[in-house]
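All chains are identified by letter, namely A, B, C, D, E and F, in their written order; residue positions are counted from 1 within each chain.
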Amino acid sequence: MTALLYLASAVAFIVGLRRLGAPSTARSGNRIAAVGMLAAIVITLVSQGILNWGIVLGGLGLGAVLGGWAALRVQMTSMPQMVAIFNGLGGIASALVAATEVVELGLVSMPAETSVSIFVSTLIGAITFSGSFMAFAKLQGILPGRPLTYPGQKLLNALIVIGIVAVAIWATVAEEPAGYWIVAGLSLLLGVMGVLPIGGADMPVVISLLNSFSGLAAAAAGFVIESNPLIIGGALVGAAGLILTFQMTEAMNRSLGNVLFAGFGTEGGGAATGPSDRPVKRATAEDAAITLGYADTVMIVPGYGLAVAQAQHATRELAEALEERGTTVHYAIHPVAGRMPGHMNVLLAEADVPYEQLLDLEQADPQFPQTDVVLILGANDVVNPSARDDPSSAIYGMPILNVDRAGTVIVVKRSLSSGFAGIDNPLFYDDKTLMFFADAKEALEQTVSALKSI
Amino acid sequence: MQIGVPSEPIGESRVAITPQSTLRLVEQRHSVHVEFGAGRRAGFEDAEYVDAGAQLTSDPLPRADLVAVVGPPPPEVARRMAEGSILVGFLDPFQAADLVSVLADRRITAFAMEAIPRTTLAQSMDALSSQATAAGYHAVLMAAAATPRFFPMLMTASGTIPPVKLLVLGAGVAGLQAIATARRLGASVSAYDIRPEVREQIESLGARFVAAPVDESAAAATGYAREVSDETQRRQQDSLAAVVAESDVVVTTAQIPGSPAPLLVSREMVEGMRPGSVIVDVAAPSGGNCEVTRPGETVSHRGVTVMGPLDLPGRVAYDASQMYARNLISFLGRITAEDGSPALDFDDQIVSEACITHDGRVTHPVVRRAMGLGEAT
Amino acid sequence: MTELVVGITVFVLAAFVGFEVISKVPPTLHTPLMSGANAISGITIIGALTAAGLGATPLAQILGFLAVATATVNVVGGFLVTDRMLEMFRSRDERRKAKE
Amino acid sequence: MQIGVPSEPIGESRVAITPQSTLRLVEQRHSVHVEFGAGRRAGFEDAEYVDAGAQLTSDPLPRADLVAVVGPPPPEVARRMAEGSILVGFLDPFQAADLVSVLADRRITAFAMEAIPRTTLAQSMDALSSQATAAGYHAVLMAAAATPRFFPMLMTASGTIPPVKLLVLGAGVAGLQAIATARRLGASVSAYDIRPEVREQIESLGARFVAAPVDESAAAATGYAREVSDETQRRQQDSLAAVVAESDVVVTTAQIPGSPAPLLVSREMVEGMRPGSVIVDVAAPSGGNCEVTRPGETVSHRGVTVMGPLDLPGRVAYDASQMYARNLISFLGRITAEDGSPALDFDDQIVSEACITHDGRVTHPVVRRAMGLGEAT
Amino acid sequence: MTALLYLASAVAFIVGLRRLGAPSTARSGNRIAAVGMLAAIVITLVSQGILNWGIVLGGLGLGAVLGGWAALRVQMTSMPQMVAIFNGLGGIASALVAATEVVELGLVSMPAETSVSIFVSTLIGAITFSGSFMAFAKLQGILPGRPLTYPGQKLLNALIVIGIVAVAIWATVAEEPAGYWIVAGLSLLLGVMGVLPIGGADMPVVISLLNSFSGLAAAAAGFVIESNPLIIGGALVGAAGLILTFQMTEAMNRSLGNVLFAGFGTEGGGAATGPSDRPVKRATAEDAAITLGYADTVMIVPGYGLAVAQAQHATRELAEALEERGTTVHYAIHPVAGRMPGHMNVLLAEADVPYEQLLDLEQADPQFPQTDVVLILGANDVVNPSARDDPSSAIYGMPILNVDRAGTVIVVKRSLSSGFAGIDNPLFYDDKTLMFFADAKEALEQTVSALKSI
Amino acid sequence: MTELVVGITVFVLAAFVGFEVISKVPPTLHTPLMSGANAISGITIIGALTAAGLGATPLAQILGFLAVATATVNVVGGFLVTDRMLEMFRSRDERRKAKE
């Protein structure tokens, strides 16, 4: 009966994970998984004949208070750090479960498989713990974000790995618990050393990988105490975390190996640096699709790049797809967008964009504060806030579309290079701006198809 | 057959046979005799005809088994044709009674291109459609050139220019082509026709349909509109007045075969338009849809320019001639045998309906009636 | 069948479910999904509960206590933080309501 | 300020101030005095001016603090203006030396719209661009109306009509607009410009770029093209000959500020074109890009129609005037104080560069040189 | 060890099934699953200590010969029938495994769960068997395709179900093997009676559902003989088959309940009847996408319907998507397509279709025999073969586009109604024609997005 | 854990894999996929082999023989027929080669 109840909570995890993968179901997915977890805890408390109620309830209470407090207090921008810490604690918990087993039973006359499970659980759990805290430190700025490398680094790490394996074998054969603690220590060290050479911008990938590890650690702990729910939950997270890690590296156009061992990573990930060395937020077609798809009002600002990419048809297509979802779409046409008077009109008329959707500067500008998302397609000078803010700018005084008054700004262009006026655009580095680097036509086509799956 | 191609009268820039179609005719074992300079005004040089296999001549008429023309020729052309020969072209038989008499007198078999039934099968001979295509296209170009405004919308550093509002009245072949051309140029286009089924066709070109009276029974079996009662006409004008008043350009194309064009835009409606507005009356050859229209002239009435061109297809002479010649050759296929000799099969609906005179008699029943002749026997 | 074989079978099947369950996820969901999965990996808490609840030696009890506490932080914090991240995906209607 | 708007000379259908812009000026505390009928030819009635707050008068000149014109006025206009007043418009100072002298004599401060620097900041005053937009648009309409062919491709029961091949030479503001308009009409468009960066702009309108010599250094710092050597010109003509020969329509717009337009299409090149082809030479006002062009006339050379219109923007008078008036008002903003009184700041680059005469002296250095006056002191 | 080898073949099934779901991997998926099956058989033969080698090898040989012969001989058009038979045999095999157990052990002192497993396996296996053969008979035309209904049908079927349950309980409690055989017989009967009221056109859905059943039967057999590979394989197919069944009913815009119990089904599915009561082949956006996506040359034939739907932009989009895949796309423009001369040219020029891709009648017609797929968008009269073949037709003699000379023809229009000429079009009933009933614009948009997932 | 519980756990997990493994399948693949899945359900053959191979009574042996034979038809025929159905999905290149 207990086993079946555990199975039910495993099912909750599966369903929850699945729903977490799509924007519309993600919230409910998380809650379903949480309910499954609560059930698993209750089942355990009821069925396992707990003796040390004080310890158990104390631990639960302390953990719940700490976890809840941290989760509710953390800033939105520090979420990844928080996840790293939680993940590290989960990892160490698995290692501690194994350690308790060692403390209680020693390593004497233990079946090989149990011994392997114990060492795997400890190894992975400890790596997860120290690695996650390293990631936290890098993200939080406690450690420098740049990769920390030194000669012989890879050799040293390899030696640690060999050491762990050797000690583990010795400890098992010699039935020597001290060996266990050495392995635990070396594993903690390995976690630290492994994350050192990875750049701060790649930390989300590292955390995701360590998240997969913490699942594996839990599964290993499951083998140790012969508990199917642990194996199932652990394997689930191990596999899902791995897939997710690959998807993250893919979205960065990197390979996992490259992230872990290439010894760079200041670029890529959530941040990239421009010619002015300031970081910008990069977005993919999926990001653009989600941001646009959940907006109520969208303003499209076309520029010369739209003409170069001949993206007029794709633009109308995206607008139609958004309108079908109930979003209000307008176009803000700057008087000098493009390279000839009426350039944008020619293109949009060709794509059959209704005249009523076109707003000129005077009509569009008051709209921006009420606009959820502005989508800038290959425009640059005409949305450059320096014309408004920077008296030293060559275009100071030119009327611009004040897109930075809207909620979020997505800029589609191929690079950070400048437009006709040849000057840098502070808009790209704005906090509310997402840069989608691509040819406008391709970007739009990708966004349209991404929109269909959200 | 010996096919003769005379020069058209002054005022007609098209030509009945082009060098390209000469090629085809020669392939079909005809010989083609073209009057010097016949194609010049349509953009075809004599040398091109020669290259295509035609003979140039100063008088193609007397020797020809078949004479191909665009518009109705002066009666003397018919007089100089060989007795028993064939004449094909737009003959305007209702207006040109004297021509028809001469044709009958000289036992000429005359086929009027405009009398070819507009059935699915005869589409490739449908010169009314092909020339209306040219007319509708050019009418909009004339309007655009005459309008002191931009057709498309432009948002520029010098302000936003709204698109021109263009209204097409009568959306047959010419009207639809006018809609398409105006839409291409970026105008904001509305259109109206009395036949209700045209609404879908107007919308299929991206234009708005103007809600004004439609007549379920307006479409006769032929697909043409019928003449409407004075009452209906008044209601039409009432409903259209507001739309016309706010239009910058109006292109009218409404016609009723065999009757004068319906009056859709009255003098007051013209006076309700903004100065600088333009009306192009494609129906001018049959009297015009606008009360102010003077066929063949451009008048300015209280600041509104009203054009009533009579030669619209001729202003696209090169391509209009190409299409016309194609139609003509397609019809020739119906009246010639394999070896190129004439073979008239009056059981063929297309041949019999297109025939105006044959063997000394006026054969076309409606023309007979118009000329006051009795029923054919 | 031994427990080990059962364990392996269950592990392999569950891993497949894990692989399949994550189809192409939009990048904006990467972090919340990671965070949610991380909370689920806190299932190790049931191992921790057993260890702490049944531990006989003081050391085992201390380790067990730590295990329960850390696992609970992971579970409680993980689910809560994920929920907060997912605020933005509330449906159009929910948000409209929230705005009013 | 008292702003005077005289009627333009015959041949100029635009007007410097429109009723809509009158509204704005009145808002800015100016009073506007419009000569009776000044807007008529552009489609603006006197009543509209009155509604917008203007005063009608038979002679707006003597009382005006500022006179707004489109084209260079006859010298007597300057003579009848109040001493010390301001004149703004296209003044064509290089050609109209007598006007400039009179302006200087009467201590009139004259600003030439064409001398406003074409910087990013001055885009809203850039009347050259706005009027070139109208010219490029209308040039294509003229070409389309004059061509005996359909611009778009048509596949019909009367045969397939290929699209017209249209070539644009010189793709500045007017050329790009010509490309866009021709593309809208369905022509198959190619284009060429000597400045290499224009290639991308041409392609951004869906037209093909013609490979002919480009000049990396052609674009002066101003963005204008420079005059090229005879050698380059010959090479240009050689490379263009084949493209021109197979084009049905050529629209030329190449200009070099302050110099005669470059010769791009020689007489032989015209003779290499098919009869019925059309050339519209938008550069006619500065001499034309085609050897056959006679500015202000339409000539037919061996079957090729060559048009050299001088009044292209005036053929879109309504919208061209609207844009011009906007440009003018935008410039006025630079030379008036909050309360509407004149406030000339010659440290402002735009004001100083646009100024031709001030305080009895010719201030513009290039004009001085052209008039044989010494360096300004 | 054996268990792990079995696990490996189960993994082969999983991977195989997954790959079967996408056109590009389907073939390899099938082969991977087949290899897994072969492995499972070999493992069984080697590890189970087979005694009756003659029987075993005889059965294997006979089955292989029969199955192979049938599979290789069957006509492409009779595939669904063949699958029905195979499926039925698979179902009965599971029932026979349970029966053998009963014959060997009786029902004496059997644990409840084993007894339940035996009855479930027999019940489902027998239903699958008789139901599948009924489906075969309906598809093959041995039985009439129309639903066979009679008053009280549902009541009778309910009684059979109650009878099965009652007898099974009695047999288990009374430890009476005869009861087993009664259950088996009633189950066979239930399969027959259940399929009777379902129409021939719905048979593919029935087969898919019975396929899911045969998986469940195998899983039940697995519980009987306590074999994990059977449970895994059976559960896999049971679940996958169920999902597939739902997808099939969804593609038909029906619910499963409606298919099974509504007592109709002559329409829908693969066939629908037109005004002339002749059947046409229906296609969905996915079918169109696959047919187009795997073609080398595609000819698009636009007609008036394209104009009505204003589908010109969507058309170009589809053409571009196909060209990206390496397909050659042209447009065949009939001289009188649409309602005015040059109607199609206006629209396609607006959508920026390159002039070079447009072929007129004379250019296009010779191309059709070399064209893989013709896509007809709202054209009707201009592709009506009566104009060529039927001297009594009102349009006899009009030149048409001979699209029926191409490999496959997809017709997109909203219904079977006629065009301008008001006459029926035999093309729609042609064997090589797929009718995609939809508004042209919507159809194209759906096809474009379907194209992305194949 | 009893065999039953193990069986149920395995069954549930395998069923989840089955559900997840079938994402949106294009209708043209419905029949081949059904056919392939059907061949996999022939896994019952290993039960049949055991039954036939170990059956003691003649009746059991006959039933076992039938079970093996029918299951084999299902397996062999099923995979072969699926492969034939999938001919059309050979890649462009394969087909080009085949055409030559």
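Here is the rule we go by: a residue touches a chain if its C-beta (ideal position, glycine included) is under 8 Å from a C-beta of that chain, and two chains touch if they have at least 3 such contacts.
Just so we're clear, the structure is a prediction, and the values are computed from it rather than from any experiment.
Chemist: What are the chains that chain B and chain C both touch?
Modeler: Touching chain B as well as chain C, we find A, E.
Chemist: When you check each chain against chain D and chain E, which touch both of them?
Modeler: The common neighbours are A, B.
Chemist: Could you label the chain C-chain F interface same or different, taking same to mean over half of its residue numbers are used by both chains?
Modeler: Result for this pair: same.
Chemist: From the C-alpha centres, identify the chain that is farthest from chain F.
Modeler: So the chain farthest away from chain F turns out to be D.
Chemist: Count the touching C-beta pairs: is B-E or A-B ahead?
Modeler: B-E
Chemist: Of all the other chains, whose mean CA position lies farthest from chain C?
Modeler: Of all the other chains, the one whose centre lies farthest from chain C is B.
Chemist: Return the distance between the CA-based centres of chain D and chain F, expressed in whole Å.
Modeler: That pair's centroid distance is 79 Å.
Chemist: What's the distance between the Cα centroids of chain B and chain F, rounded to whole Å?
Modeler: 71
Chemist: Calculate how many whole Å lie between the centre of chain A and the centre of chain E, each centre taken as the average of the chain's C-alpha atoms.
Modeler: It comes to 40 Å between the two C-alpha centres.
Chemist: Two or more other chains touching the same residue: where does that happen in chain C?
Modeler: Residue numbers touching two or more other chains: 1, 3, 6, 9-10, 12-14, 16-17, 20-21, 23.
Chemist: Where in chain E do residues touch two or more of the other chains?
Modeler: 10, 14, 18, 228, 232, 310, 335-336, 341-342, 346, 349-350, 352, in rising order.
Chemist: Spell out, as numbers or ranges, the residues of chain D touching 2 or more other chains.
Modeler: 123-124, 129-130, 133, 152, 154, 156-159, 161, 184, 186, 206
Chemist: According to the definition of touch, which chains form touching pairs?
Modeler: So the chains that touch one another pair up as A-B, A-C, A-D, A-E, A-F, B-D, B-E, C-E, C-F, D-E, E-F.
Chemist: Within their complex, state which residues of chain E touch chain A.
Modeler: 310, 313, 316-317, 350-352, 449, 452
Chemist: Provide the residue numbers of chain A that touch chain B in the complex, in ascending order.
Modeler: Checking each residue of chain A against chain B gives 333-336, 341-342, 344-346, 349, 352, 355, 358, 360.
Chemist: Enumerate the contact residues on chain A facing chain C in the complex.
Modeler: 10, 13-14, 16-18, 20-24, 26-27, 29-31, 33-34, 37, 40-41, 43-45, 48-53, 55-56, 58-60, 62-64, 66-68, 70-72, 74, 76, 79-80, 82-83, 85-87, 89-90, 92-94, 96-97, 99-101, 103-104, 113, 204, 207-208, 211, 214-215, 217-219, 221-244, 247-248, 251, 283-284, 286-287, 289-291, 294, 296, 326, 450, 453-454
Chemist: Which stretch or stretches of chain E touch chain B in the complex?
Modeler: Counting only chain E, the residues touching chain B are 304, 307-308, 310, 335-336, 338-343, 346, 349-350, 381, 394-399, 420-421.
Chemist: Please give the residue numbers of chain C that touch chain A in the complex, ascending.
Modeler: Touching chain A: residues 3-4, 6-7, 10-12, 14-19, 21-57, 59-61, 63-86, 88-92 of chain C.
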